[in-house]
């Protein structure tokens, strides 16, 4: 895994990687990928991928409103709120 | 030298009571963040549970466009960071959406054209970012987060802004017919993204496309597309290349501009949401929904033509809006009212006043029962159509009853033959000379006699009846 | 009293031999005295516990008895608790107080249990040694130079040291069974979907499952009965009826056919093998038939797991963005900095490593080669188990390749760390229930026996475990107190 890829991935994941850590991270990710590559020894052409451990179907919920306003509770420990809004640094589109 | 190729992605908010994955309310316009529950906020440990009604509404839409309804549809996560997207991913559908295929017809320059629909999938709406509330900060309101949407993706088959707008209008009309959305464009319940590219005339190779985001009125769609076609053809005419990008339409300047924030290449890393299982849709459910389907706009149009013999223009206006078409039919129902007259009344008088106040059918101050009464009085010549217009205005403005106004204002026409006979007899007696002249061939004098009768009846005499009586009596 | 099991304490409370307040105070005092060295708790909820114990005592005096009235319990700090902070072992949630209770918490509260604290764990449950916790390492009560295992290290160590009679845990790749094995206690991870995940902070949603730590199989059965069941708040929870596991497991033992996968024994440490074989002999003499089986692809479990778990975690942990809750970096210039600094300053290196691997595995161009491939391997592993369970009732093997390792021994070698889950991850991939019970010692450090069952066969697992504990006394051994 090259540095460019790591920077791209870190950007997608919104993680900051200091330049002096790049090599370490690259080598540890490389090791994990080597471990993972053991999977390539198995032919899986005809295998259906498995996303869920149980073969269940989605249960549906009735369309009912059951939540009351709890804004004050949710924002109690958040200093970056004002007048019920969450605030973030200004975004310029 | 360039042919536009246009595809639309329409986002329709479904009018469920609660959100797609949480039991919080979807009401519009509540105080900021008062309708965002722990699940909508993406608090640690919360899980989504799918709203049955949202699924049914999507199926309803799918059936209405003749699409395939998947019986094993899958929810996926679309991963990206934005402050109004609380979990850092949007629950949407990627592989196996609930609705695949289908089409709708549009009429353009009198020709029917079929627009194919690629897919329609269920997803959750994001919250809102408000950029102009604080000088250095963006404010986030997550009330909208988790509101159910269907995203309807068309094939790139439209060739002009006019076609795109017609398609959009038909979808708008359809979702309101189906009762799955209020279609309110100001409130963002119905909005669209347009993909536009230009293709060299005669070529079959698609050009590079630009995507215009979040357009929320029919007029803006038309303007934005036309503007974008012009912009791209200018670029191509200059021998330059169109850049693949996301653009924003600014209605105040009537222009599109590049969105910097979307410039960075996105990699959404879709994968099946492990918190949600495949949605199984039984054929019984599909049959239940089918048997409860309302009449669709296209069927209704055909029926109006056959049943009421109305022209296309009238039919279009009456049927574009389900409530209006029902208002029309309820007005006529159980009466022998003339369909064309009734249609004219609704299109000219009713809509004129409704549009002035910008109100919907449910808010009309004149009920269909009251309108039925008024028009019956006109048809049976109790009042003249000129009088009826005044009565209608009073009904609309003061909420008064048709019968009440007609009776209390003494507006009833005199259609009593005996009474009119007496009046005519009197007039003939007092205008002997004119009678002679008439009998000698001066036909024009009939108008004079009618005027005399009207004067005598203070304008309330039934003109048709007066004419008939005069003609008979003057012959003698 | 602190050596009594849940089942014994339940009787003592019901017979009014001891009050909930007495029990609660006793365990709180033990924690206060002994935990500074072990570090198995992140939060001690003394006041809250005393209040609840008094309420329960009042109820008891009025003749109201709940199924587990007044018995103290520790919750892994991954379960959201209203009014008590829930850190998930991370700086990210150092000050997070959940506005709601997890379903597991709610159920045990309703059963009358008293939460005395929240236990230490690897950050966001990512680790096998409890060394990734923001709140420091947990020590193994058997030897404080050794790790207790992870990620539920605090829950395991506290039960092992008799600081608490029982605790909850979560298991994504072995996070209940591995620490249970390394600290000499029982730990059960039920079938995926058996216990609601609502309010349990997600690591890898399709693998995570809640379970319990106790000292006896019967105690595990008692607690499991109370946390299991369908939850309308968790779409992935199962509607299968919940049996009375405790009643089931104490019934007369019925002969079982048990499979031993050759893959679990190949290249195993000699001493571990010796201990394991000795136990097979005991069971063979007492109603069990053994059969050699093969789970050919189970060796790929760690590889598939190291794709699936990070992929899901990379997405699950995106919500920690500094906007609505959790750590928020100061003095940031723009939104990008808010995200990157908040996440980079508050997540530890192991969490970051997994987010990066997961992001990579899902990214354009790599999805098929990694994520999809792993999900296919997962299917193969699951099919192999399915085939095996056509021939055997249960599958047996050592829980871990070896005993606990030393603190710091594997911290710089993630691969070695990951491989300590080699016997446990496959069951998570297949969603199967499995349990670890103490089976002996090597160099005075405990070893665990793993019992794997078919989907929803918890009763069979517990029945064998209970039967084994009637034949042996490993589960009664406790670490020395100094």
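The first chain written gets the first letter, and so on, giving A, B and C; residue counts start at 1 in each chain.
Here is the rule we use: a residue touches a chain if its C-beta (ideal position, glycine included) is under 8 Å from a C-beta of that chain, and two chains touch if they have at least 3 such contacts.
Computed from a prediction, not measured in an experiment: that's the story for all the values here.
Of all the chains shown, the one with its CA centroid nearest the global CA centroid is A. Just to note, of B-C and A-B, the chains joined by more C-beta pairs in contact are A-B. Here the spacing of subunit A and subunit C, counted between their Cα centres, is 23 Å. Averaging C-alpha coordinates per chain places the centre of subunit B 57 Å away from that of subunit C.
Rounded to whole angstrom units, the spacing between the C-alpha centres of subunit A and subunit B is 41. Multi-chain contact residues of subunit A, defined as those touching 2 or more other chains: 12, 14, 51-52, 56, 58-59, 61, 70, 74, 86, 88-91.
Contact with two or more other chains is made by residues 38, 41, 43, 49-50, 79, 81, 83, 138, 140, 267, 269, 274, 276-277 of subunit B.
Along subunit C, residues 96, 99, 206, 232, 235-236, 314, 318, 321, 323-325, 335, 339, 359, 363 each make contact with two or more other chains. Within the complex formed with subunit B, the residues of subunit C that make contact are 79-80, 86, 88, 93, 96, 98-100, 102, 197-202, 204-206, 232-236, 311-312, 314-315, 317-319, 321, 323-326, 335, 339, 359, 362-364, 367, 371.
Note for the complex: subunit A touches subunit C at residues 1, 5-6, 8-10, 12-17, 25, 28-29, 31-33, 35-40, 42, 44, 47-54, 56, 58-59, 61, 70, 73-74, 76-78, 80, 86, 88-91.
Subunit A contributes residues 11-12, 14, 51-52, 56-67, 69-71, 74-75, 82-93 to its touches with subunit B in the complex. Across the complex, subunit B meets subunit A through its residues 16-18, 22-25, 31-38, 41, 43, 49-55, 79, 81, 83, 129-131, 133-142, 248, 259-261, 264, 267, 269, 272, 274, 276-280. If you check the complex, the residues on subunit C that touch subunit A are 95-97, 99, 191-193, 206-207, 232, 235-236, 238-239, 297, 299-300, 302-304, 306-307, 314, 318, 321, 323-325, 328, 332-341, 343-344, 347, 352-353, 355-357, 359-360, 363, 370, 372-380, 382, 414-415, 418, 428-432, 455.
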